[in-house]
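Two complexes come next, and they have one chain in common, chain A, joined by chain B in the first and chain C in the second.
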Partner chain A sequence: MSTEAPELDFTPIRSREESQKISRPSLSYWQDAWLRLKANRRALVSLYIVISLLLFTLVGPLLWRSDPAFQDLDQISLSPGSDRQAVIVADYVPWDGAGGEQGSGLRVVDVATTQAVKLKWDPLPGALGHRIYRNRVPIGPELALGIPLADYVDAGTLTHEDRLDLHPRDYYYSVVALDERGTPQRGSFQSITVRVQRVITAQDAQAQGLIPAGEEVQLDDTVRLAAHPLGTDYLGRDMLARLMAGARVSLFIGIGAPTIFVLFGVAFGSIAGFIGGRVDQLMMRFADFVVALPFLLFMILFKVAFGIGPGESGVLPMLIALVVLMWPATARLVRGQIVQIRQQGYIEASQLLGASRPYLIMRHMLPNTLGVVLVTLTFEIPRAIFTEAFLSFIGMGVAPPTPSWGSMSNEGIKNMLTTPHELILPAILISITVLAFNLLGDGLRDALDARLRNTE
Partner chain B sequence: MRWYVAKRILQGLVTVWFIATATFFAMHSVPGDPLLNDRAMSPEIRANLEAKYGLDQPLARQYLVYMGNLLRGDLGISFVHENQSVNDIIRERFPVSAILGILAIIIAAVGGVLWGALTALYRNRLPDYIIMFLVILGISVPSFVVAALSQLTLVTLNQAVGVSLLPVAGWGTVWHMLVPALVLGLSTMAYLTRLMRSSMLEIAHSDYVRTAKSKGLPPARIFTRHQLRNAILPVITVLGPQVAIITTGGFVVEMVFAIPGLGRFFVEAVQQLDYTVIMGTTVFYGAFLVFMVIVVDLLYGFIDPRISLQ
Partner chain C sequence: MTDEHVIIDSESDFARSAGKQLAAYMAYAMLAMFLLFFLLSELAAMVGGSSGRGAIDGQSNAITIAIRQEPPQLDHTRASDSVSFTVLTHAMEGLLGYDNDNRLVPGVAERWEIRADGATFWLREEARWSDGRPVTAHDFVFGWRKVVDPATASIYAFIMYPVENAEAINSGELPVETLGVRAVGDRVLEVSFEQPTPYFEKLVAFQTFLPVNEEFYEATQGRYGADADQMLYNGPYVVSEWIHSASMLWEKNPLYWNKDNVGFINVIDVAYITEDVNAKLNMFKDGQIGDTQLVASMLPSAMEQRWNIERFMEGSIFWVVSNFRDGRITRNYNLRRALQLSLDPVEFVYKVLKEPGYMPGTSMFPYWIKGAEGSFRQEHPPIEHIPDVEKAREHLELARQELGIDEFPPLVLLADDTPVGSITAEYLQASFARHLGLEIRIDKQIFKQRLLKAEAGEFDILVNGWSPDYDDALTFGDYFASWNLSNRGRYSNAELDRNVRIGQTSLDSAERMRAFAEIQRIAYEDAVVMPLYERGWSFVVDPRLKDFNRRVVGPEVDYRFAYIDVNDE
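And now, the complex of A and B:
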């Protein structure tokens, strides 16, 4: 270019038409919004997360066919990725106290299994009886021996068979001498560490379908117990299946309720805004009252008032309560938009051309509020999910055994110290869902509404 | 001004009346008989109770009795806890919740303003990114999860050190209040940080900041005198509604940290279906929240003289 006209910085345009041609295709509002959203990486990632959550909820149960209510009693409070080997043993028979050599103190007879731990000991010096303790942590200098399992007030009984809620882990057993009053003599005790092996009887293994049909099993064979990829909860229920079932409840409430009340708010707000005058004032005053109600208190009150009958899940009352209390924000917003749009020139022009009222609302007003409504919807979803989780957490949400992420967190918090995964897994899912919807809402707002765009 | 205050208070009273009425009718639509407890009740006691609450009378009459009692400040007697009136329960337990809430609000407000100012100062640099990431976490993680996890951390920490650095649960000393108040204020703090940041950035582009710059004021002085002071205004506006969030958030935090406040009592009452306590506490909390919003609105007029209270 510079060779053609070296004396000029800018070359004059030859043809006038070319400069007036629009080089880019004209974009509709939604095409433009989509382009903007695609350029926003955070929003796009959030969109993918939302889609995968929906897949997890809808397709997940088809891929992982495990009953969320089934209790696997052999594997209770199992953390994710635990070993699930079990040895086949014979059916349980009460122990007659046989076996075990004399004179080696507190000892385990046979192999300690989840079926039974057989303990035998020699009389402690000066003991008129013995008490057996079991602890889950090593016995330290403060001599915390754990839970007392049994008292034997005659000095002659020197065996104990423990069958109390045994898990495959280390246990720390102690035997303490009792005096004539039956009080333990702290100074006179013996302790051992026992590693308990996971076992299952052949009958149980067959009943649970762990052994392929027609295959013979020998004692001491190992089988793999039912798989629980994310572990089990305190009742032995599969966490993954429960998280999926919980997602269905949480997302159904979290997406269903906002959709219904946003639609209601749009109808309410557009009618109020379009009619205007007295009716508008009256309708908005009513909305103001509902807004003034303390939200969570009334959610609780409504839940109490609805009551949950036996066998009901309580999902529907929660949905209704959410809709009743949350619609006014959308109604106010839409009304404001409609009032603003009503004064625009194109409405007047349309009216002059003879457009009817329903046509004006449906064709001109509502489509112009759609962007704002969509943004509101995305921001109301995390609020609804939060509310459901909060209510379920304080025991006012869905009724057990129906799982929701909130009620699962509530159950998980009780065993937080020993098996934190029961709390952490649903908590992570709630957080990710809320985070994704919040970021998606931010992105949608930036893409759809120029006026609300973030000043960043 | 005086008119405005009177009008707001009147509006507030009407709202409280609405809350009380809604509470009354919601509780009356509860299926079942609240007097049918698991303990057998002799007909005489039942008659006494019915007379006390006017349950043998038509609904309209019961409503009048209830409203009359409310006007006299009588919230009724607990169904579950013997010999305890709802007033006594509130008097005994609300101070605990109030202290916790005030502490949480202070932590949230101070933290929010500080972090927000910091992010604006370091805009689009590492401290900004780190703080904004934490803010998003604070908004997205439910309070009960934060409460439980911080308790878990505290237990692990205490075990690791071998001495009790901070109490894990309970109430009594300042040390007991520290972690619960922080947890309670966290989501509000995150929200305020975000608000403060955008408000600071908006003000950075305003005319008076440009004027101050062109006058040659040192940047530190512009920052503290002009930007910070003006940016705090929107933070104060949202403090009123945030009181409601802190109060209800207190339910969970008090539950997890075993704090004997009104929030935990309310949750227990809900679980035990202690009708009078639920009604009384709802009306009390409702009135309290309405009142707080009015107070903050009025305060706002004093702090920002440009807002004329009309």
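And now, the complex of A and C:
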């Protein structure tokens, strides 16, 4: 029977300071969101793409100082990375048909250049006239001679000067006899293969600054034509410069419009949600009414109402139409959030503790909707970019010569088969931009969602 | 412990079975989708592919073709578009017509006589309407009166103005019965002229001068030409079926008097009505249509396909005209001259448009216009246009001083909303900006709207084209006459007007051509018009289809003399 205190089976552990210490740094909402965004590789890459797009648009034109409206008619529809060596020649003078006396049959007089190919031939037997053809492929057994360039219905004309869209490559010219009805007699023809040399006139070379100032221009010198890293379009305009200029329009609309209408939507939605009751009902029915308005019709009406005349840019009415018609989605979302938050316990607690209305809104409500708003914004941006591209594509947007990605696609689609880069480049940029903003929005939604905060 | 295992197992079982179910659903959904696609494509084939026969059917002597647009209606008294004229050429015949070599040949009239004060046409006895009634002189009288009747509001009424009182009737000053045309019996048509009209025989070959059977016309109660059966035909073909916006069927007219020499193909199936050149190219590749047009971007692949590419000059000319209405700065000669001198049509056509069919514009009269003996342009060569930017800038400076302005206001350029129209507008915009520093605002409009704005004069400079109505220099020569409503810029010059009058009334063809040469000179020297190009097409035809033609004057496409040669694959 011992009254002594027994040996303790358990001894209280000595309290350790360390366990009470917070081992990891305390993270604010935003720091946590950033950490989780960083872990999401897709979103991070998208973020970098968005940043580089902004650089492309804002810094690009400072580095690549080419006028997007300048038409380099010597290099039309040039694909990226084409050779651009050219020989300097004298100014063009129409050919009087002289020279080339020696030789027989179809022959080339002087050097065949991209300026002109001078052809001369002897009359074909029994011909009452001649037709000149040009082909890009060697003439095969089908006797398909290519494109007919010209008909000479008098048998006396035995020269032709071809200036139509010449490129430095091989051409296969043919001359065919015409009968009295002007029908070509494919049975009797002569052909010749011609290699065409790229040239530029001294005057053009100087005007385009291809020759350093103060240097003598020598004929037959070689110069490199103006560089077009991404090629040119159907009017010889630099694609890179146009893409950058187009990005300005696309991103201005794409970022400007959503920023404005999301802000408006937030204000509208939070007022409706916070006041509630009849006001809420009225405001939200008005939002429903706006949703029902047809976008395209309003776009046209705005253009008329603004007195946007022919040839004036439709960017401002487009911005306003977007703002006026696209805010209700954000307003609904924010209103829903506010209504939900209003009934949360901590709001009541805060109210009981005597918080004022502005405090409640600023401290509890808005910060809790901010994630949703930010996500909406990143999803609305690609939508607006796409709308702009669509409107410009159908000709409702910018006025020429101002480019936008949409209008560039519209122009490019006409030459899709021969020069696909005119369509592909702007189309790729639209796709990448829209995808990047969408993935970024996706990542932001995951990162900012408070409920996902503790699940990982 | 075991319980836990069970739970986990059942959970993974659940997941597995759910996955299986999902996969099954997916498979069903895919299967359903395939079936649906199959069903839809079958349905589409049943609805869309009206014939299913190839482009050229040698056995039943039939061809399948596509036309550009749906004709608004086939009532020639109101028709004004080239597609309607194409259909009418195949289905109707006027007093005179053109053969396959573009020579004027007798139609319903077997012989005729043109005098200074009028003309007489003797009609052939065997000409028949498609219901068997004979085509009489009364049908022409009725048809012509309909055209000038103000109630018809025909756009082409002006073409009848050489006929006595036509203009007064059209403006409502005289009753239609006073028109200078009457039937002497059933087979003689007497025409009296307002003024001598030496080119009248060319004029009556135009579709507006076609006959209409009065009895039938009244029976249709205002729906004449609105449907295939609401019309009587007297040409080599009858329109036997017309499904609006979808297809037409032209069949050989058994009652046509000249059926042995015109209309060799029994059935022309107009299976497609589409403006889309790419779609037509694909149909041609698939052997669904007999011919199609090629645009510049299609040529490289056409050459690689080793097709026989044909070319054809369409006859029209496209130009830039200035607005001479009050308050427009383009009234200033020096400004117009500056624009003219800075413009290089050769560069534009060869480097920018790149269409092999197009010819750089050099005159307001196209190359094919006939002169007194041979070609008009060879007899009266136009002034050679040499672009000169330096001189252009001098004129611009003069214009600035004359107008008393520091900065030129932006000029509004009205153009068509077609691919070529857009390129033209953008080229001109950049060209005027680069050479002259002028700001150009492009007003691109669809064709109808462009026409309305051009009529209203809402432009500073306008790009438009003019197609010939008849085979005479006057069809271009009277364009800038001060009274011509087609003269969109309202140019007015007494000297030019005087020459137009000579061209209209003189019986001496050399004198007429001198007058047109004067018009050509004034138009250039006063910088009234800047010709850009004469339009032409490149096209391909199925090698089995022979003698298919395209015409400068008349229909765009002419199958009346075409035949099938199956041996030529």
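We adopt the following convention: the second predicted complex is superposed on the first by the 386 of 456 C-alpha atoms of A that agree within 3 Å, B and C clash if a C-alpha of one lies under 4 Å from a C-alpha of the other, contacts with A are read in each partner's own complex, and residues count from 1 in each chain.
Throughout what follows, a residue touches a chain if its C-beta (ideal position, glycine included) is under 8 Å from a C-beta of that chain, and two chains touch if they have at least 3 such contacts.
Source: prediction; values computed, not measured.
When the shared chain is aligned, chain B comes close enough to touch A:Phe386, but chain C does not.
Looking at the shared chain after the overlay, A:Leu417 reaches both chain B and chain C.
In the superposition on chain A, A:Trp95 makes contact with neither chain B nor chain C. In the overlay built on the shared chain, the residue A:Phe302 is in contact with chain B alone; chain C does not reach it. Contact with chain B, but none with chain C, is seen for A:Leu293 once the two complexes are overlaid on the shared chain. Shared-chain residue A:Gly395: touches chain B and chain C both.
In the superposed model, A:Ala69 lies in contact with chain C only, and not with chain B. Shared-chain residue A:Asp165: touches chain C; no touch with chain B.
On chain A, the surface touched by chain B in one complex and the surface touched by chain C in the other have residues 309, 395, 416-417 in common. Residues 101, 296-301, 303-304, 306-311, 346-347, 349-352, 354, 356, 410, 412-414, 417, 419, 422-423, 425-427, 429-431, 433-434, 440-444, 538 of chain C are the ones that touch chain A when the two sit in their complex. For chain A in complex with chain C, the residues that touch the partner chain are 69-71, 73-74, 76, 134-137, 140, 142-149, 151, 163-165, 181, 186, 234-235, 309-312, 395, 399-401, 411, 414-419. The touching residues of chain A, when paired with chain B in their complex, are 289, 292-298, 300-302, 304-305, 307, 309, 382, 386, 389-390, 393-396, 409-410, 413, 416-417, 420, 423-424, 427, 430-432, 434-435, 438-439, 454-456. The part of chain B that touches chain A in the complex is made up of residues 15, 18-19, 22-23, 26-27, 29-32, 136-137, 139-145, 148-149, 151-152, 155, 198, 201-202, 244, 248, 251-252, 255-256, 267, 270-271, 273, 278, 282, 285-286, 289-290.
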